[in-house]
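Handing you this structure, nothing more for now.
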Amino acid sequence: MFFFIARRLLQAVGVMLAVGLIAFALFQFVGDPVNNMTGQDTSLAEREALKEELGLNDSVFVQFGRFIGNAARGNFGHSYRQRRPVDELIWERFSATIELSAVSALLALLIGIPMGVYTALKRHSWLSRAFMTLSLIGVSLPTFLIGIFLILIFGVTLNWLPTFGRGEVVDVGGWTTGLLTLSGIKSLILPAVTLAVFQMTFIVRLVRAEMLEVLRADYIKFAHARGLAARAVNFGHALKNTLVPVITVIGLQIGSIVAFAIITESVFQWPGMGLLFIHAIHEVDIPVMAAYLMLIGLLFVIINLVVDILYYAIDPRLRLS
Amino acid sequence: MESMASNMQNTVEQNAGASPSTPLLDIRGLTVEFPGRRGNLVAARDVSLALAKGEILGVVGESGAGKSTIANAVIGLLDPPGRMASGEVYLAGRRIDALRLPAMRAIRGRRIGMIFQDPLTSLDPLQTIEAQLLETITAHLGMTESAAQRRAVELLDAVGIPEPSARIKQYPHQFSGGMRQRAVIALSLCAQPEVLLADEPTTALDVSIQSQILDLMRQLVRERALGMLIITHDIGVISEIADRVAVMYCGAVVETGATAQVLARPAHAYTKSLIAAIPRPDRKTARFRLVQQHATVESTARRLDVKTHWLGQRRSFDGDGDGDGDGDSGVDSSNASNAALVELENLCMRFTTVPSVFKSRRRYLDAVDDVSFSIRRGEVFGLVGESGSGKSTIGRLICGIHAPHAGRIRFAGVPLDARGSRRALNRLRRQMQMVFQDPFSSLNGRMRVRDIVAEPIRFHRMAEGAQLRAIVLDLLDYVGLGGAAAPRFPHEFSGGQRQRISIARALATRPRFLVCDEPTSALDVSIQAQILNLLKDLQQELGLTMLFISHDLPVIRQMCDRVGVMKSGRLREVNDTETLFTAPRHEYTRHLLDLMPKLDILSGDGGDGDNPN
Amino acid sequence: MARFLDSDLWWDFKHSPLVMTSAAITALMFLVALFAPQVAPYDPFDMASIDLLDALRPPAWAEGGSVAYLFGTDDQGRDVFSTILYGSRISLLVGFLSVIMAMLIGVLVGLIAGYKGGWLDAVLMRIADIQLSFPAILVALLIDGVVRGILPRGAHEELAVLVLIVAIGLSFWVQFARTVRGSTLVERTKEYVLAAQVTGLPDTLIVFRHILPNVMGPVLVIATIQLALAIIIEATLSFLGVGVPPTSPSLGTLIRIGNDYLFSGEWWITVFPGLALIVLVLAVNFLGDWLRDALNPKLR
Amino acid sequence: QANTFRFAFQGDAQSLDPHGLNETFTLSLLGNVYEGLTAYDGDLGLIPALATAWEITSPTTWRFNLRRGVTFHNGNSFNADDVIFSWRRMIADGSDQKSRAGLISAINRIDDYTVEAVTDAPQPTLAREMVYMYVMDKEWSEANDSTQPASPRTAGRENAYSTLNANGTGPFTVTERQPEVKTVLRRYDNYWGDIDSNVTEVIFTPIAQAATRVAALLSAQIDLAYPVPVQDWNRLDNTAGVRALTGPEARTIFLGMDQGRDELLYSNIKGKNPFKDMRVRKAFAHAINLDAIKRTIMRGASTPSGLLWAPQISGYRAATNTPYEYDPEESKRLLAAAGYADGFEVTMDCPNNRYVNDEKICQAVAGMLARVGVTVDLLAQPKSKYFAKVLAQGGYDTSFYLLGWTPGSIDVYNVFQNLLSCQNSEQKRGQFNLGNYCNSEVDRLADGIGSETDADARQSLIDAATRIVQREVGYLPLHQQPLSWGVRDGIAVTQRPDNVLDLRYVVVE
């Protein structure tokens, strides 16, 4: 167990270093930061001084080391655009994105997994055919279209739900949350559904495919041959075995929810990191891009670690050695 | 999976009170179909079988004969789209094939236990053995938790698992193959069924474990007065365990009778040919006898005059110049026949089983450990030993698929290692070929047969154009396939035919050394006999030197001049075949010979048959 | 060919009207996109042929519509029907080329990693892992962002399509690499590969002649599904304003433009491109879905 | 009782620093928090603010009497020192108000509540320029290390306090500031003035997507949204509870051409600059159909214009407002005469989120030019990138562009100074004359317009200069764009022609 976790952690550090390298490379590729920091009347001498002060004359390795060191402390420099520390900018937006993603992920899982199981077990019933067709339509609909149509229907036509922003938020120990106010929750519904649709349909299909594989396994046949009740076979044996491969993919999928939030956030003007990032892209605001990249990397690493530990808990074959 | 329960409504409760004379399990006129787009495939046709209390009924037949289908139909677990087209199944006089699902579930496990073929995949990997036992016991016997627990431990003990109370908490992956098979048996017995259906319960197991499992099952049947249906294609297993035997061919039962009678005096033609094809462990025969009607392929083989044909031409491999130089033909006679062609000296091969950055955490496996022997020119050298003992690895080392970890290999006196030039190595490489075990994976399914055979010739630039085409057709003829096979794809051929393609490919470089790595273990005995005959003929005609790898002692006895015995990577004994079989020196060899099924009851005319040709 | 016509795949295909419809739709959209200049009544990229005075005509069947403009015109007077044809052309172009690029990279990496194994495999697969943690949309956005920074101002717009292809292609290769590696690991130990090794064939020949054809089945399935995804991602990027410029709009750009007219009643500007996108992606997805099931012998 | 007013704009104020960026929305939002010495009323009439009265004591000297009893939001009182401090700050490095503050060469303190501004040349419109010269508290700025303007454009290394915090004298204080997310203003109880508004709290949200913005208004989540797309006016008017609030904006949209360089930066014509040829410029002028743009893209809501300034601007004379005629044949003839019978290629820079339908106008223009043979490569970008490219700090990196202009002083001199004078960075003239249209006669006349105090004489100078510019086709004016707001019923607002939302006039029912 210790070795297992230690190895994973080591890998995680490796991944973060690699992501750091990419983020660092962004700065190197995309022009001279001094140009982005100074006005046009800054003199050459001042530029040189600034360069020296920023350490841009050091070797690339020293700079990379410093970048990683700063990043580890959450220091990503200043946004070229907003002239504020990037970590502060990101932190302001962090809770919005995380709440949106978490709720979507939950929606996707709570609806997606049962639907996947159902469609696998009742492969030929009309309901599962309907589910499968719906899920196919779900993966074929671009997220932004879903968002627009939800706004049109539930916001404008029916006037049931807010169509933009996060509603009232309250601050709970430094974490702003919209989950504790009615307007916050109402504001969350449309974006969360929009974001969840794709992931949900994806999970339905994934669970179904894996479950079908498992249902064909010899031990399922053997379980039937032992005369076990259908429920015991389907849920006690088949579902659990299905979840093993599904967990990894779902883990990755949850990571991508955060990235896909970019689209949802810009359709719903949701004040999260995605909106920040898309603005940064438009304006080539490298420090923000780099920080966001590292953050997604970190998120992935954490999710993976959790998935691995879950794996470890579910699958006894890993516990050996 | 429960297709059969639904398509039969008439749940007739006839023969309610079973009289002592009614068989325990009675299958009457069972026909099973698999509807497919090319029409119905009839997997079992009008099969009738009866099984009495305390009786072991063996079902034999070649692969695809419909053996498993019968067992699956009895228990109502036909794979979709399979369905029972007609027939009835009675359990202790009560009809069960038309039962509804809940009633069927009550029978499964409780009254009919089933053992599937593969012990490695029959257990849920995520649950402990205990959990799986408990759920079955409580589902059927309605015991309390603790009583069920006690019973589970007893069962494990009964099937011979050491320290059952500790082992029961473990997961399947912590069990060895044999233990898993025992656990599967325990699971199928845990609700005290009256009938046990065992579908090839020992095929995936080692010979020694196989004999233990068979002993166990025999003992259980006797003790508990079960009726047991055992399905296998291994006549050896049948002869050891079955009271009666049913022979299946193409979905139909062609012969039933007491084991001794069927094996000794087969009545049906198929049974005859089957039995004739079984390699005799007790004496060596020149060729396998093949009953004519089942050996049609054999007769189509066109004999080539190897003295004049390309295949036999310029087969001089000695000398320093290029191998294709002098026109010396036929079997090379330049050297004394007992000179070694292949010599292994202190060969070692180590695989890393657990890779790690840290040396201390790496785990190794010495698959071949300090092995030395030599193979004489023109001889067939056999290599036996249990699974995983390193036989294949030796073959692969010689052919250059793996590089040895230590030691050296000499071929025709030339050391085979990377120090030689690529060209020289290539020339030597061309002189050896390999025939593999699995005819299904040893051919590239995306290539036409003619390209498969032509590739080595083309690659070594030994012929091209029209000549190449002619050679390929000749080779296919020579192995008994005929030129019509050339433009087809491997999947259109049966296992035996594919193995012939493999052989043709191996011959394509005109090798003088052939490694046969269990070339027939995936084949039915009758087809095995054809292939072994073919190999024997080729060997003699072309003067091939052969390394013949097998774990099947009877086959080794029929094929080899000398034999090496392997165990855990080490060579335990090397000897002349007859000496080895009659007077084994090493203890392990003796152990192996002991486990070999005796098959004393085999019909007498399985012996030195006359050669059809 | 005869082998194909005789195959289960073809039989399956012929017996599923839904799949045949999808195939027909896909083929139709492909052909129409390919021959857009011949099929489309107008050339929406040709500024000189557009007349602002024709702007905002409703579809032909609606009041005020004209048969000259089947699906009406947009705010610039472009024929919506033609822009959809040309737009699908760009969407499909981006989709196709990016998937082909991803396929080339992925298959190659997968083959090398699977066949060579060892540290090379470890390194390549770690890279794949890292790549996998960045969803396609993010990678595409990032590459786009970086390219904006690197390229001289203005050049980006011209290269937008190329940038999109590279961005999407680079984010898609992992799926291929992983699958191919997995299959290669299996194939590598199969005896036909050993047989080729015994013959002395060089590794490259073994990999490309023997292994590659045997691992292509799943690759095709992934390619189909990725194609649908690539089309969506292109549309999304264009919707977010980092895709192709509005002067040569893709379906996504068209939807973004039309989006401005959702409340004003000119629904056709966004609805028709939206429908075209959905139908195209749905058809491709249907095909991919079916292909996956059909090529998986276990699901029969 | 509490009255909350919510509104949305398409972008956010880029900073809370009043001197950091000279951009309409930033100044307009900050105008509720900060104040200048003078102010506009709802019709752009000049009214006293922090100065109660002013007079021109000599042609180059202005005397301002400051208001007494004014306190900043932090309680500090306002006096002459703050005025002088703020002016200094406005001419310091990083300030974007240099062109305004630079008109003044010195501000002298007469006493605590009187200052005297000295200019190099006579500046008849100085009092109007004062509107956007917001006054900061000297003590507060010093205490918070914010004596230098923090400009978002010259992104710096450390966080500048003044970008996130504000301390003005205006009727509203900033209570919450989340850039690009939300800004909350609260009524300042000690405000010196008496204003119409009964709003106690203002919540401002930037919403970038027009559809989302309109949807928010339609679903009553906000009280006011601007701009709303002109095509949505009907929808708003037909929806109960909301209405479109429209009117002519004092902003003129026009096209500019690089007439300064000897070779265009972005064109296939090498070795010469086609725009230096008057016939080419004229050909462009005749190629563009202003009415078509008005009718389709602007939904009839724009006012085609032949001038660079709108009727609201002092110095406007209807008689001179004659747009160029749409005559593609003439245009082709002129191009042929200039040697471009087959046309040429040029890249057009265009913002895509700054003016009403800016990108669409550019597309339409490109289409129209294509019909006379000129191929236009359109490069439409978000405003921040667009401005960074085409403005002075980007080195006027453009050949052909679209720009909109509202003279901040609501006086035509501002146009002459910024758009029509030759580029001269020392004199801070022609700074927004991106194509460097340059005619010394116009420059001379502009000087006169700047200093002439007699109205009739001044008007004739304006007319003379206008004629020159029109004849030479220095610019291609397109139209005055409409103001396009969407407002919920029950909200009374005053829509200023310069598209400024002044919260002083917002009344919630």
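Order as written gives the chain letters A, B, C and D; numbering starts at 1 within each chain.
Note that in this section a residue touches a chain if its C-beta (ideal position, glycine included) is under 8 Å from a C-beta of that chain, and two chains touch if they have at least 3 such contacts.
Model, not experiment: these values are computed from the prediction.
Write down the chain pair with more C-beta contact pairs when B-C is set against A-C.
A-C is joined by more C-beta pairs in contact.
Roughly how far is subunit B from subunit D, going centre to centre by Cα mean, in whole Å?
Their C-alpha centroids are separated by 88 Å.
Hey, how far is the Cα centre of subunit B from the one of subunit C, in Å?
47
How far is the middle of subunit A from the middle of subunit C, if each middle is the mean of its Cα atoms, in Å?
That gives a centre separation of 23 Å.
CA centre of subunit C versus CA centre of subunit D: separation in Å?
About 44 Å separates the centre of subunit C from that of subunit D.
Among the residues of subunit C, pick out those that touch two or more other chains and give their numbers.
Each of 241, 259, 262-263 in subunit C touches at least two other chains.
Quick one: which residues in subunit D touch 2 or more of the other chains?
Expected reply: 209, 211, 215, 218, 382.
Of all possible chain pairs, which ones touch?
A-B, A-C, A-D, B-C, C-D
Which residues of subunit C touch subunit A once you look at their complex with the stated criterion?
126-127, 129-130, 132-135, 137-138, 141-142, 144-146, 148-150, 228, 232, 235-236, 239-242, 252, 255, 259, 262-263, 274, 277-278, 281-282, 285-286, 289, 298-299
What does subunit B use to touch subunit A in their complex?
For subunit B paired with subunit A, touching residues are 1, 75, 77, 101, 105-110, 113-114, 116, 118, 121-128, 135-136, 139-140, 171, 173-174, 184, 187-188, 191, 354.
For subunit B, which residues count as touching subunit C in their complex?
37, 396, 399-401, 425-426, 429-430, 432-434, 436-438, 441-447, 455-456, 459-460, 489, 502, 505-506, 509
Within their complex, state which residues of subunit A touch subunit D.
36-42, 54, 78-85, 88-89, 92-93, 148, 151-152, 155-156, 159, 162-165, 266-269, 271, 275-276, 279, 282-284
Using the touch definition up top, name the residues of subunit A that touch subunit B in the complex.
217-219, 221-230, 232, 236-237, 240-241, 244, 314-317, 320-321
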